[in-house]
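Given below, in the form of structure tokens, are the structures.
Each of the next two complexes has subunit A plus one more chain, namely subunit B in the first and subunit C in the second.
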Partner chain A sequence: MIGSLEQVLEGPKTVFTVFGLPITESVVNTWIVMAVLVVLALIFRRNLKLYPDKKQNIAEIIVEALDGLVTSTMGARNKNFMPFIGTVFLLIAFSNILGIFGLRPPTADFSVTFAYGVVTFCCIHFFALKAKGWSYIKGFGQPFIFLLPINIIGEVAKPFSLGMRLFGNLLGGSVIMAMISGAIALFVPAVASIYFDLFSGFLQSFIFIMLTMVFIKIAKDDDD
Partner chain B sequence: MLLDLNPQEFVITIINLIVLYILLRVLFFKPVSNFLEQRREKVHADLDNARRDREEAQRLLEEHRQLVADNKAEAAKIIDQAVRQAEGRKDEIIAEASQEAQALLQRAKTEIAQERAKVLQELRADISGLSVAIVEKTLARTLTPQDQQAFFDAVLKEMDSYAN
Partner chain C sequence: MGWNELAVAAFAVLGAGIAMIGGGFGPAIGQGYAAGKGAEAVGRQPEAQGKIMTTMLLGQAVAETTGIYSLVVALLLIGIVNRIL
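Entry: the complex of A and B
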């Protein structure tokens, strides 16, 4: 639960300033998530054995599930995207569920979600150019040259749509949670939190990586 | 306000993502993936080995069975041959023995016949002399050559009838 409705709508606060750079709540919370993920990674990665224990089973399930997802969505030859997709998924998912711990989800900040969208955008075009070269750029003039502006707008819209979707869902969730918490303080917010913070959080990060994978795959491998 | 883009935050977020990507890739995804891959390979190798060992065992068993069967056949052949050889030898021995016996019998018969002929010859000479002497004593005179001849003939005829 993240404070009152006013606090949510006001946007992320600046926590401190480094060399004149304002460091906002979103950035600090992202660092918290990163620290947690790195610590978890170190714990789960430690002494892998041939006969796995519980801890190792969890690590294996995570890696194999992501591997399976990437392989089934992008094909076996794009298996190498797994660490990147996995990182984005874990980062967004953990950011999304930060609301449960009373912290402001960094993903309820458009600057953050747009940055993720832009990273995806860069990946799409970098790997497509790497795979197809000049013919990829020519592809924007397909099927007729008149569609060039439309195609470019479509591509440029992708980071916005990815960023907006994530931001909108998370902010909406935060706003609703703040409103529920303001109206009824007992029991109901806990149940609502399961949906808005946990379920919606995982769902949105899943949607984000699915779209990322599909966009990269289409741009990189589809011959048109 | 909420949709304002904060450039510092934007840049820091991208850096955060890249840093986290590198960290998680190095610390988590790569090691676990490699480990899983190694285990998969190990399981494959173990299964392959097990299959190969089983096939080898099957092959050896087959080979041994074949060997045992061959040996049995060989033994049967050797026994058969030995029996046949023995049988051949038996017939040979019997034939030899019977031949020898035949020869022995033949020789004995011949000897007996010769002996008898000799004895008869001697007897004939003795008897003729004796009978002449007896008759001369009985008659108290010397027989004429004609008498002698008639007498001899009669005696010899009788003797021959005994001898035969």
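Entry: the complex of A and C
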């Protein structure tokens, strides 16, 4: 629910400019998400005990679920990726469900999602180069050297496809929500919002981190 | 607004519709196939339901990608119409 259909299709509004650089709604809303995450983290980490109370139980459930997901997807040897993957998941998930509060989700902006895709892209190649070294670069010429351009295009397409998937889903969800709340004002938008904002938002952030983990794992270790 | 702009707007709307025809068919078939296979797998191994569900949703989301691409194309075309009219 972020206003009328025209507002959604117009793209993010510019809130203010710094030295001619436009600071759009997406940036400001990302700041809000960051502030919420930092405050939540500060609340949850206060007086941790061996025998957890309610608050600490919630935090432990989230951390253990993410830990289990990373370990089962990437293997026990890549357990150290959990903080990064978990942060990306929480950031994207909170950005996606911002539509419930009447704000424009930052992920409904291709610049933002493409930036997330570029982060994944850099991670894939950094960790692959670190793990395999020169043989990783030679791997682009496999099985024949003629496939080199196709392999490179395939790699370059990854951030675009990751970004497009997230952006398209979120923008599509926003458009449908704007249409529904434009047509029927009572009760129906609330129910639709559960699917289009909550479920779809969590699912898409889950997909994003799953693909990130799988890409990093495939590029990093080719045995097992 | 002249005839030229009107024609561009009309064909942009038409193109958005055609893009969504293709973008609706493919992912629908792919997601339905994945869901069917997922149901089969749960029927065979009900104890592995959680894992099958996760794999199925992931596969469906990847299958959806092409549909999302055509949705983006359609939205861009409608954006052109918004700018002209």
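Criterion: the second predicted complex is superposed on the first by the 222 of 224 C-alpha atoms of A that agree within 3 Å, B and C clash if a C-alpha of one lies under 4 Å from a C-alpha of the other, contacts with A are read in each partner's own complex, and residues count from 1 in each chain.
Following the convention adopted for this analysis, contacts are C-beta pairs under 8 Å (C-beta built on N, C-alpha and C of every residue); 3 or more make two chains touch, one makes a residue touch a chain.
Small disclaimer: the values here were computed from a predicted structure and weren't measured.
In the superposed model, A:169 makes contact with subunit C only, not with subunit B.
Among subunit B and subunit C, the chain that touches a larger number of residues in subunit A is B. In the superposed pair of complexes, A:45 makes contact with subunit B only, with no contact to subunit C.
Once the two complexes are laid over each other on the shared chain, residue contacts for A:161 go to subunit C alone; subunit B is not touched. After overlaying the two complexes on the shared chain, residue contacts for A:9 are found with subunit B and with subunit C alike.
Contacts of A:210 after superposition on the shared chain: subunit C is touched, whereas subunit B is not.
On subunit A, the patch touched by subunit B and the patch touched by subunit C overlap at residues 9-10, 171.
Within the complex, the subunit B residues that touch subunit A are 1-14, 16-21, 23-25, 27-33, 35-36, 39, 42.
Contacts from subunit C toward subunit A in the complex involve residues 57-58, 61-62, 64-65, 68-69, 71-72, 75, 78-79, 82.
Contact residues of subunit A toward subunit C in the complex are 6, 9-10, 161, 164-165, 167-169, 171-172, 175, 203-204, 206-207, 210-211.
The touching residues of subunit A, when paired with subunit B in their complex, are 9-12, 21-24, 26-27, 30-31, 34, 37-38, 41-42, 44-45, 48, 50, 59-60, 63-64, 66-67, 82-84, 86-88, 90-91, 106, 109-112, 114-116, 118-119, 171.
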